[in-house]
Amino acid sequence: MMRKRVKAYLGIAVGVILGVLIHGLTADAPRGQTTRTSQPGLYLDLDEIRAIANRVRAGRSLQPASWPNGARVAVMISFDVDNDTIQIARNVEPSIGAMSQGEYGARVGLQRVVDLMDRHEIPASFFIPAVSLVLRPEMVDVIAASGRHEFAVHGWIHELNSELDAETERDLVIRATDYLEQVTGSRPVGYRAPSWNFSPNTLDIIRGQGFLYDSSLMADDRPYELMQNGEPTGIVELPVEWILDDAPLLNPRGNSYSPPRELLQVYIDEFDKAWEEGTMFLLTTHPHIIGHRSRMVILEELIDHIQAKGGAWFATHEQVARYVREQAGL
Amino acid sequence: MMRKRVKAYLGIAVGVILGVLIHGLTADAPRGQTTRTSQPGLYLDLDEIRAIANRVRAGRSLQPASWPNGARVAVMISFDVDNDTIQIARNVEPSIGAMSQGEYGARVGLQRVVDLMDRHEIPASFFIPAVSLVLRPEMVDVIAASGRHEFAVHGWIHELNSELDAETERDLVIRATDYLEQVTGSRPVGYRAPSWNFSPNTLDIIRGQGFLYDSSLMADDRPYELMQNGEPTGIVELPVEWILDDAPLLNPRGNSYSPPRELLQVYIDEFDKAWEEGTMFLLTTHPHIIGHRSRMVILEELIDHIQAKGGAWFATHEQVARYVREQAGL
Amino acid sequence: MMRKRVKAYLGIAVGVILGVLIHGLTADAPRGQTTRTSQPGLYLDLDEIRAIANRVRAGRSLQPASWPNGARVAVMISFDVDNDTIQIARNVEPSIGAMSQGEYGARVGLQRVVDLMDRHEIPASFFIPAVSLVLRPEMVDVIAASGRHEFAVHGWIHELNSELDAETERDLVIRATDYLEQVTGSRPVGYRAPSWNFSPNTLDIIRGQGFLYDSSLMADDRPYELMQNGEPTGIVELPVEWILDDAPLLNPRGNSYSPPRELLQVYIDEFDKAWEEGTMFLLTTHPHIIGHRSRMVILEELIDHIQAKGGAWFATHEQVARYVREQAGL
Amino acid sequence: MMRKRVKAYLGIAVGVILGVLIHGLTADAPRGQTTRTSQPGLYLDLDEIRAIANRVRAGRSLQPASWPNGARVAVMISFDVDNDTIQIARNVEPSIGAMSQGEYGARVGLQRVVDLMDRHEIPASFFIPAVSLVLRPEMVDVIAASGRHEFAVHGWIHELNSELDAETERDLVIRATDYLEQVTGSRPVGYRAPSWNFSPNTLDIIRGQGFLYDSSLMADDRPYELMQNGEPTGIVELPVEWILDDAPLLNPRGNSYSPPRELLQVYIDEFDKAWEEGTMFLLTTHPHIIGHRSRMVILEELIDHIQAKGGAWFATHEQVARYVREQAGL
């Protein structure tokens, strides 16, 4: 005990001296030295820069010459069914109030969005953290009832995959995929990173697991093939965008906010140009967010707008991924 | 003085050691170890996850088959009369400017909202931190004048109840309830957590104090029964939502902002679907926020909208809680 | 030099000790103890709470029975001419880009707002940090040309007065007042705290300097008398509000944002109710903010709205303060 | 291994102590002393204040008596082609998701904005970090195809120039200028700071490199001459403003947000007054931001508005800079 204390005091002494020294060094350090840590990219040569940029990159476009049945535009509606998993993943003592906000997704929101899709006979893709189904197994039947919707992987417990070491990230992808297969009866072919971001290992992992497509990146608003270190991977990317996500702008306590009907206008503007260009429109919303009464207005009016305009091929992500691969001869 | 200095150095030792331990656990640990602290949920098994989720959970729906007198929808207007209590609770030297902003609630806002309610003969529920009444005892008469409104508990001094130990939290709930009973002449039966959140002890405390209902959680937009560790509690939950709160989006210096008339549109959209579905609409505003001239427009136009549509049962939270309990045979 | 360095290192040592102590007291204490520092108000008795609330408080209303010449409403337009003073006050190396943003006020914005006022023959009150005039002495003539506008005190260099010790705060108020008197030829009678907030000493200071009115607090939207520790002070408060300030919501890089035309609607809604109630409307804007082309629309359309409605008494803050004092027999 | 651990613990100690030091230096000093560091400007005399303000300052207006061919207003459209350079500049491990967002600029956005400009035969100025072209050399041809657009300097890798020492900042400006000359075949004459801000050395550097104009500062909405320490520099400033930048308000995950069509209204309001006053209108957008489908609406409708109104001289920054210099006899 005594020796420990002595060690501790030695530690303090050394710490104080070093601290003071380093304070002196940083407070008076020439600017160049802080720049090395805060702007490391200034010291890379061109090959290093290109190598970094090419780790994961957009490859050839998979935009097909035409969509099935002469449709003008492909429309993919996806739901990330996170509910209260993020709270449980990130906190030793998850907030009870915040969990109840997530629970709304299972209790109210999911049924509302499924009803809307089913009323219009629109297929949708449900990206579901496995733990979300663990807590609310009855959601499987709600989604499966119409036989029209896709189940896809969205992590085990909405882990922040971009922060994990390779082994943990891979284990959780496998665990999640297995669980979805077990409760739905078929193995999912689509992946969306819970963080909407890749760690340095994510692409390796999803290639290793044989996924057909990913839907997490943002380099285009048309389908494309993912490249890894300059080589084609065969993986179809169905790109998302924060522009077409309900989460960032519908949280009254978040950093930014948009009135919901203004968000609807953005979705309509995105769709209208997709329609003009003959490309695709991919929207992501969350049952615990969009499922609220004042937000369902967005989904309802958007679908009315799309159907009034005509020419849309509503499809799951899987259907689109298979189609564009086939058209591209992949 | 000397002993104090020794104490101080001991403090340093403790600080450094703790710091080292914490730092060691977080900053320099292999990724897996940081994940253990930042994403602890990844290491729980399914039973542990279910246990966490079930601590406090939404139970059976208390949505009645019909509302009194054939009304289509129940409408509960509530006011959280916080005024300047938060400033005093949280600061050794409360900001004079911020306190004057809160004082506006007592001096101007409360009378405006009560006048509006009384002009339309609408009953409302006033959730009041006891200290708010200590500082402005004349508010009791303003609210009580019509004989139509409910007084309910909202903490002693708008304490952040979710951060307190059980004993302190319970003491303050009791002190607040007693004070309200003393100055209004009847014991309140409704509770709303000042933080709109539960600590791990809140449900025990309000069960112990015999409250009829709580109005702090968000798992539905219909009344429901609270469950604790999988067991029904008999407590009626009348759920709130940040969507239906004026505070997060009407602070020009806050993180997010919505033009007030856009917020009105959200409230209208929420109400319209409640009306369609035959459920309930529960709005929370604050006299020191909504009571400003440009915000009273929201309340006025919302009430006009509701009354023009017809079929609303305006009621206090207590009236709704008693009705749904009775209908459910609780 | 050497001694200075030694002193500095001593300072560091003290810093370390205090830092560690505080860290020890807060981060590692049992819950009850953290509550004592984070929620100190929970441990106050009722007399302590009342004493805190009464340090500076709104006293009797100075709303007059009628406004001059049968006007329905008093309209006070004020401009806080901060320009680049905040940058210089707060930074050893003020940002050149941010200073150019402030300079816009002197170079473009001020002339635009003065032209607008003078075209409509509307008197306005200009709250000017003295240093703003030091840097741009030609602003005095721009404002003074019509003989209609008021100069009032807004600190020496837009110091954050609420953070200063009493002596520094008082010195700067005196220096600022003297400077304004010197360059404009008459002694200002109005004060607005640069931080729109009072330190514990501000009220003492402005009483000591004999100011007629203050325009920094927010407890009402009608004029009132300031109270200090329960005693009337004779100081007229002409309250401001962040709702009626252009700064918080027109900074594209700030925390919140409102489309300018939505902000205009808020000002119109505030005015319309002031008009209905026969009270007052006090707007604060900044030449370097409102003076931009897309924001001048707000001022222009607001003034058109007010003039179209009729019955407004446009007056300086001084004129209103003198009138309400007289009417109240102060 | 053991040595590594010792090193790690030493590092930890330093970390803890530095943290505590900073805390100690700021949180616990007597008020007067904190003021000296947090509000240093309070201790400057008038000459010091003037010297700081005059380091870089707006000089004489270069607003010409008339624009070429009797145009009412000059319109400069500029694009900052940052794409993914900021990610690479600032991070040892740039985020893959964020890089894909930037890649969108090269893959989709740039072609969209160039097509729009070329369809309307509008010349535009492209401020491009050199590394942006290194990664996507095909962008040179896309921009150069019409022979109408200007290439201008926007740093090497979108370095935060205001944080660099003089030597690094100068080296990067030279490297960037040389690179642009090399790949486009002509030496750029315009500079825009990547940070839209000057370091204390920026003006010296761009004078030394012989730039015709800068477009980074904000003291006017008309062209002006930059002054350095009270002396004219001959450099033309074509001022920008955050008001007329798409980046701050179109990031759903940023601090503030504006619905895109509301932003269009702001641009229209800015233009309309420029048109009335006969001055200039300078807009900055980014291909990876404005190039999205729901934002292209802004550019399209703005150009329609400008062309419908008539009388606009669409020109590159270079053309305007040369014209106003000539008119001013510089």
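Going in written order, the chains are labelled A, B, C and D, and every chain counts its residues from 1.
Everything below uses one rule, namely that contacts are C-beta pairs under 8 Å (C-beta built on N, C-alpha and C of every residue); 3 or more make two chains touch, one makes a residue touch a chain.
Given the structure is predicted, the values throughout are model-derived calculations rather than measurements.
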Legend entry - chain C onto chain D, rotation angle from CA fit, given as a multiple of 5 degrees: 90
Inset, instruction - Farthest from chain C by Cα centre, which chain is it? Let me know. - result: A
Inset, instruction - Would you kindly state whether over half or under half of the residue numbers at the chain A/chain D interface are used by both copies, giving same or different? - result: different
Inset, instruction - List the centre-to-centre spacing of chain B and chain C in whole Å, with centres computed as mean CA coordinates. - result: 32
Inset, instruction - Could you put a whole-Å number on the gap between the CA centroids of chain B and chain D? - result: 45
Inset, instruction - Enumerate the residues of chain B that touch no fewer than two other chains. - result: 12, 15-16, 19-20, 255-257, 259, 262
Legend entry - chain A to chain B touching residues, read off their complex: 5, 8-9, 11-12, 15, 84-85, 88-101, 103-104, 107-108, 131, 134-135, 156-157, 159-160, 163-165, 167-168, 172, 251-257, 259-262, 292-294, 296-297
Inset, instruction - Name, in rising order, each residue of chain B that touches chain A in their complex. - result: 12-13, 16-17, 20, 30-32, 34-35, 38-42, 44, 46, 49-50, 52-53, 55-58, 162, 193, 195-200, 202, 216-221, 239, 241-243, 245, 248-249, 255-259, 262-263, 265-267, 269-270, 272-274, 277
